[in-house]
């Protein structure tokens, strides 16, 4: 064992580090790609129930509209999370082990997201109310599904930007504060969407849809400190 | 908050930008890889209906030919879209948020494509006409499935090449006009295939197959402006 | 055929080699991403058994808790293997054919891991004991599932660090010995978890869970030899 | 339209080209990763047929051995194709459109390979002979499944190394001839395995297994021409 005095360099070499954020993002992209693509498997080619029965392919294809709606909803929801993950990774410059575990936590919720999205798509439009709480449950579950990745994304940002400096050191302080505000604000809004949906599911859903629409807008370009400042 | 006067640089650093198109394509490649590979899951190992029944593995394997046909059709259709996506990304040099959302829209239709392709493969060869409209519906649905990614691909190109200059600035103007013509032309042809298939599904299918064959031909090499021109 | 005398260089060029570890890891990341994400497919949207029956979406969603538990367990188990694979690949600098085959062996067990994890999650909490050995079998199977990738990971490290020098030559000898100790120790502990679970499955499970918790701690930063030493 | 005289440069820029082989391989790795990982989905957690029936988890898990065998066989078969694809891509330096289409053809058969492999694993060990031809059919189908990617891989190599020079120009001529011999030889051997299995399926299978074992051996390191030669 080397003593502290003659202890060799502990710094990981620059090239290794640069490769590192790239790889964490590449792995994340893989999870995103699977989560976003996979569920086309759920839409099955319609087939007649029995050979003798009358069967209209046109009507069957049109009758699958809740599946198409679920597919598009899933793509939009996860797609926006992907685009924002992509954006924020422009700001991260290094990773460490805890950061990777937090990213895994985020990916766990992203990869879970298709499930509450499908529950919403299945029961939102359901005219046969099996239970008065069905639609409310579906919206609350969807809002929780959106809250969880937003919360872990915020955890990652707080960890990377405050406790440890994993972000690009050239980023301006005010710009970083703005991101913190946006992230924490989003978490608060999704949490309130969960609570509101317990009272009025239409309002809870409106908050979720509103946030999604806001996130379709381009994020601000990163602001860097001028070198000669 | 920084005022406009002492506002720091807003430009994202060069290395970040270069990495960016690579990553958008890497994510796209993931979606393509899943969409193209995934559906081998649909082909199940044939098993005897009951242990006592006579069972011929050879006949069962041969009887799966519509599945093989669907598999190859899917691979060719999505594969060509991949090869062209690969080609066009040689020309893109930067990305922005809207560009990424348009790419997501494109990927949404690519990942949807296996479904109309399977519908076509299932019902095109179906000798038991459940409904006089079955084959026409299958072809129209397939043509729509091909039209949607072609349309969003064209939207991406128009956005990147006109409204914003995300493309390689060294590209020659005439070459870029030619790409616009090819892209818009393809969209028009797929749209007409949709319409034609409502009248005569054989003709509509011929347009789709013809376009696929044309796209098997190599695209033109990019033409760059001479530096000393 | 060239004779030995005028035999050209056999060394692969530096750039090719650098690209090589990146690619082995990229492929591994793909397998990890699929293994970790895929099984959300197993959680199906709950639907009423028949339209006439009373159906509570809330109760159905809550009743799926063993599936959620299995999902989280799988994500944590595979996620930690991923984070550690990521870490160790910072130390590998070259690859060869045998190394790639050993990595494939490792990936074979990683991609298998969801299966014993699901078996554990299904039968651990099962109050209806179908067989007195059910829970013991589930734990033993899970411990074997964890032992196999740990063992092949150790094989890779021993091959790369001893028999052939595929690792970063700047790594300090003592640091490398420490990794060997940790890897071999983990294999021994998982092997003992397998054996212990045959006697007392609670104890065997405790060893597995304990090891997982230890692996949540960040690994030591690599220690490099000082150049001017 | 520019005339030939004032025609701008047609050469794609160096950096674009270098990125290109990387991306074709990254896409291929995605397809390999999915093909190799995906089918763990086929192994389901065993559950008692009915709650009242006696159920032994241990016996159920042991009874799944044909699934484990299929899983390992698939991993080994596809894994070796991956390792060899990886190796040969060290030699390719450029790509073109036809090359990419040939690679897609190769990937189509790789992604198909799990199917004949599963057919073999299911029926090879089947003691209940449903048909005297069952095992022969399974082996022949497996040999065809191995022949197809080998054939398209050879097509890629012949296209890249002869008709067009997409390979590293520093490669020695004799080394390239040796690869051609190995590739064409493998295709011939798999083709003969198909034919032989029609007469004696045990012999056909022996050829397939023998070739797999040979391919576990490391390939020769690439031989480059000496610069000062």
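Here the chain labels run A, B, C and D in written order, and each chain numbers its own residues starting at 1.
Keep this in mind: a residue touches a chain if its C-beta (ideal position, glycine included) is under 8 Å from a C-beta of that chain, and two chains touch if they have at least 3 such contacts.
What you see is a predicted model, and the numbers here were worked out from it, not measured in a lab.
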| item | value |
| --- | --- |
| Interface sides of chain A and chain C: same vs different residues, half threshold | different |
| Chain separated most widely from chain B, comparing mean CA positions | C |
| Between chain A and chain D, centroid-to-centroid distance (C-alpha), Å | 35 |
| Mean-CA-position distance for chain D and chain C (Å) | 25 |
| Two or more partner chains touched - positions in chain A | 26, 30, 33-34, 38, 41 |
| Touching residues (chain side chain A, partner chain C) in the complex | 1-2, 6-13, 16, 19-20, 23-24, 26-27, 30-31, 33-35, 38-39, 41, 96-98, 100-101, 104, 107-108, 111-112, 114-115, 118-119, 122-123, 128, 130-131, 133-134, 137-138, 141 |
| Residues of chain B that touch chain D when the two form their complex | 22, 25-26, 29-30, 32-34, 36-38, 40-41, 43, 45-48, 51, 54-58, 61, 71-72, 75, 79, 82-83, 86-87, 90, 170, 172, 174, 216, 218-219, 221-226, 229 |
